[in-house]
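Here the chain labels run A, B, C and D in written order, and each chain numbers its own residues starting at 1.
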Amino acid sequence: MSAEILIEAIAGMLHGLRHVAVGANSPIPASAALLARHRSGGRMQVSLLSSRKQNVFTDGGKELFDCAAQGRIDAFFLSGGQIDGQANINLVGVGGYPRSKVRFPGSFGSAYLYFLVPRVILFREEHSPRVFVPKVDFVSAPGTSAPGVYRPGGPHALVTGLCVFDFDRERARFVLRSVNPGHTVEEVIAQTGFEFDVPDHVPETPAPSAETLAILRGPVAEAVSETYPAFVERTWGKAAA
Amino acid sequence: MSAEILIEAIAGMLHGLRHVAVGANSPIPASAALLARHRSGGRMQVSLLSSRKQNVFTDGGKELFDCAAQGRIDAFFLSGGQIDGQANINLVGVGGYPRSKVRFPGSFGSAYLYFLVPRVILFREEHSPRVFVPKVDFVSAPGTSAPGVYRPGGPHALVTGLCVFDFDRERARFVLRSVNPGHTVEEVIAQTGFEFDVPDHVPETPAPSAETLAILRGPVAEAVSETYPAFVERTWGKAAA
Amino acid sequence: MTDVLTSLDELAARVPDGALVAIPPDYSGCAMAAVRRVIARGARGLHLVGVPSGGLQADWLIGAGCVGTMEAAALTLGEFGLPPRYAAALKAGTIAMKDATCPVIHAGLQAAEKGIPFMPLRGVIGSDLAANRPDWKIIDNPFAAEGAEGGDPILLFPAIRPDVTLFHAPRADRNGNVWVGVRRELMLMAHASRSALVTVETVEDTDFLADPVLAAGTIPALYIDAIAEAQGGAWPVGLAGEYAADRAAIAAYVEAAQTQEGFDAWLKALETEAEAA
Amino acid sequence: MTDVLTSLDELAARVPDGALVAIPPDYSGCAMAAVRRVIARGARGLHLVGVPSGGLQADWLIGAGCVGTMEAAALTLGEFGLPPRYAAALKAGTIAMKDATCPVIHAGLQAAEKGIPFMPLRGVIGSDLAANRPDWKIIDNPFAAEGAEGGDPILLFPAIRPDVTLFHAPRADRNGNVWVGVRRELMLMAHASRSALVTVETVEDTDFLADPVLAAGTIPALYIDAIAEAQGGAWPVGLAGEYAADRAAIAAYVEAAQTQEGFDAWLKALETEAEAA
């Protein structure tokens, strides 16, 4: 159920968009995008970059980035080895650079897509002070930019195993939107290394309806299994895969 | 015979090159390139831009220009409604701009390829003071550039219905190399609106050998006829076409 | 999502007055039938960009009074010479001409494809093209070697972002994907434009992207706003691999279009004949 | 003219010490068999560029001591995590890492393809990538609207012009044309490089360029310096549409390569087995 809650939370942020793209190694965002597409009656375009079938690009590795710069991608997903309270993300390493104590794979397209895709959803399931830090050790991509920097895009929300944050771009600050079932505001505060706003009333992150669960376990599981068979089996069992 | 002399003159300038490209509406340069390719034993690449068979490009209209900038095109052909003594060419119009008295089609890629292709051969069959002027009315592409301007390419020679000029890039000046059979140095001087150097001894432009004529009338005529059937029939008769 | 339209008039309605419209040259894939509907709807003030040159369709649009500005590296009808209504409009000063050079038009579209405001390119410096284009700039190459002689000047020019790209292609599939093969300038135009309108010889009940060999020459529907079937839609300039140019029809046009009256009569006869058919 | 070579050793001999070598990511088309011959010949001081990221082949070359500098947007073995010899070399400081971002690598190659010294791109400003790349510059956009707030800063970076591009593709024809389908980054790499070396599953006795459908996905021989047949040449990372990754072999590699001794033993066993076969 915990994956399904995250999928539902993300899918709700994609409502009404024309084109959502999802990078590699992202089964939960991919499932959310496919759920949103299902709800749109197939009108939403979803590009799964690690899929052959759900990927229409025909102009090589540059096309995703060009497509984003043309304004044709409405939402994308990024993560971070570290993420800080200003939504800066670190995909490079911890403890010095270039000889980092812990090295991550690298920034990929984050330094670009974070600027150009209007609705970037940060997703990191592990919610711990190790990940959510006061200040990242290396800025792969900054959460906000100075006035005058061309930036039609940026962070929209942060979805974790514990909660959902909105990001207030004006104030460069996260605002707790909801806490996932089985967790508390206090737990979120304890596990988060950066400061954020906590409204007086913080609802629970909604669980998906029975209708949504049927869609997830049916057409979404089937479409996702092309790329993420292990995830589908773990989440929805062999039957779905 | 007059076309064959021009073809022979141009082909001699292409000896040893790896890749020669020829633009549209250029049957004589195309024939010369194909003759040079024949002499190279097929090792020379010839790209005829108006041909489907003799054109290997697969990346759209930009590829010719990118290919030239990569240094992969050794020779190209340009012409001009006007050409002056500094090898400036005018493909735009005569008598004012933009409301010219006589308008030509336009500069095409000349302003670019003239800079980037090492050996640009100017070809204009009509040799008259109307074409070869002291100063062009509009510079589509300049013959020479100031020091410091990136320019690996430029004019190599000018072939006309009357003669062949070499171009001295250092001195920005044409030098008469040879006069076509049936014509004289005096005639060239009278028909040329710009000044140029005349060496003490000006040989006759060599006529092609019997062996060359056989190649022209055989494989070259056959290859050229895909794109220029009317030219082949006019020059070599119906049998060749 | 690509809209599959049932008439060329619906397609033509999507070319608004004053739009920056990119069109291919006569040897690429020209939506001649659709252009006639753009003329019929009375489009005005179009800014045409020939990628990189213009031919018969530009002359039709100019002759019909649809064009305010023309940007191209050249305008030509090949063996038939200068397009007659273009030549007349230039003389009369009724259109503004922005002379360019082929690689700048291609690279200007690439800048739009990449969402960058400008692109650098070698060459061009010292030509009267640059002298007559206040929108082009020459700067010293910021990456020149220290103490480079003359500062290493280089041309910069702005992105060309068409409002509409209009072309004709051999085939579309049921999802609105359009196969153009090696005519990649059509893909570049679609990528670079806000809207791409395409006529095709035939819409096939298949999915080009499911076939890796066809996919390689396909513009995804993502970039295509609307398609309409138009068999023979490139007449009279022809469509490579499908049908040749109708040289007699082009010759007749050129003869007729030497005067505005001749052009008007030619156009009226053409459309009267089409309605009768 | 493309040379058709009869051995991978001949191909490997064309990768000189110190060369700037462009390689595709594991999911594109990796010449793994050829990379083993580059290792066998003892290449040193290579500057690898992952287009845009690196994977197993980069780790093999790093483990074998062939690499001086690595430029990439990331290095990863996907589900198998960070490439182990890369991680060790970074820690030990035995390779220099130039961290980049995907679109800058693609656009840097496009700059080389266009023969321009630099390319602009949006984004990136304010990241520590830019702060650690002295070869990147930020300038005020020369085309910004008059009085634009903040000067409209924009990133410029130099062209990436590889000495060698090395990849594996499904098919070549008898003329040396190489079919890559939608894997256009391989075409960009070939265009941008001084030399392109390609291994293929099979050389077919045909001409891809004579078929308009195949031509659309073909790199012309003009850009290909040498090809060699290598059936299964992308093992163990696999080749899309042809064969899948050998996950067991990759897992075994990752386990072995946690130490230099383990890597050396793994490599020796692999080549001993290959010689015996």
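As a working rule, contacts are C-beta pairs under 8 Å (C-beta built on N, C-alpha and C of every residue); 3 or more make two chains touch, one makes a residue touch a chain.
Remember, it's a predicted structure, so these values are computed and weren't measured experimentally.
Chemist: Which chain pair is joined by more contacting C-beta pairs, B-C or A-C?
Modeler: B-C
Chemist: Which whole number of Å gives the spacing of the CA centres of subunit A and subunit C?
Modeler: 40
Chemist: Would you kindly tell me how far, in whole Å, the mean C-alpha position of subunit D lies from that of subunit A?
Modeler: 29
Chemist: How many Å are there between the centre of subunit C and the centre of subunit D, using C-alpha atoms for each centre?
Modeler: So the centroids are 36 Å from each other.
Chemist: What parts of subunit C, by residue number, touch at least two of the other chains?
Modeler: 107, 110, 114-116, 121-122, 152, 154, 182, 187, 215-216
Chemist: What parts of subunit A, by residue number, touch at least two of the other chains?
Modeler: 57-59, 65, 69, 116
Chemist: According to the definition of touch, which chains form touching pairs?
Modeler: A-C, A-D, B-C, B-D, C-D
Chemist: In the complex of these two chains, what residues of subunit C are touching subunit D?
Modeler: 107, 110, 114-122, 137, 139, 141-144, 152, 154, 156, 158, 180-182, 212-217, 241
Chemist: Quick one: which bits of subunit A touch subunit C in the complex? Just the residue numbers, please.
Modeler: Touch list, subunit A to subunit C: 18-19, 43, 45, 53, 56-59, 65-72, 116.
Chemist: Can you check the complex and tell me which residues of subunit D touch subunit A?
Modeler: Within the complex, subunit D contacts subunit A at residues 25, 27-28, 51-53, 72-76, 78-79, 82, 87, 90-91, 93, 96-97, 99-104, 106-107, 110, 121-130, 132, 148-154, 182-188, 240.
Chemist: Touching subunit B in the complex: which residues of subunit D?
Modeler: Residues in contact with subunit B: 1, 112-116, 177, 187, 191-192, 209-210, 215-223.
Chemist: Over in the complex, which subunit B residues touch subunit C? Could you list them?
Modeler: 24-25, 50, 52, 57-63, 65, 69, 91-92, 97-100, 103-116, 138-142, 145-150
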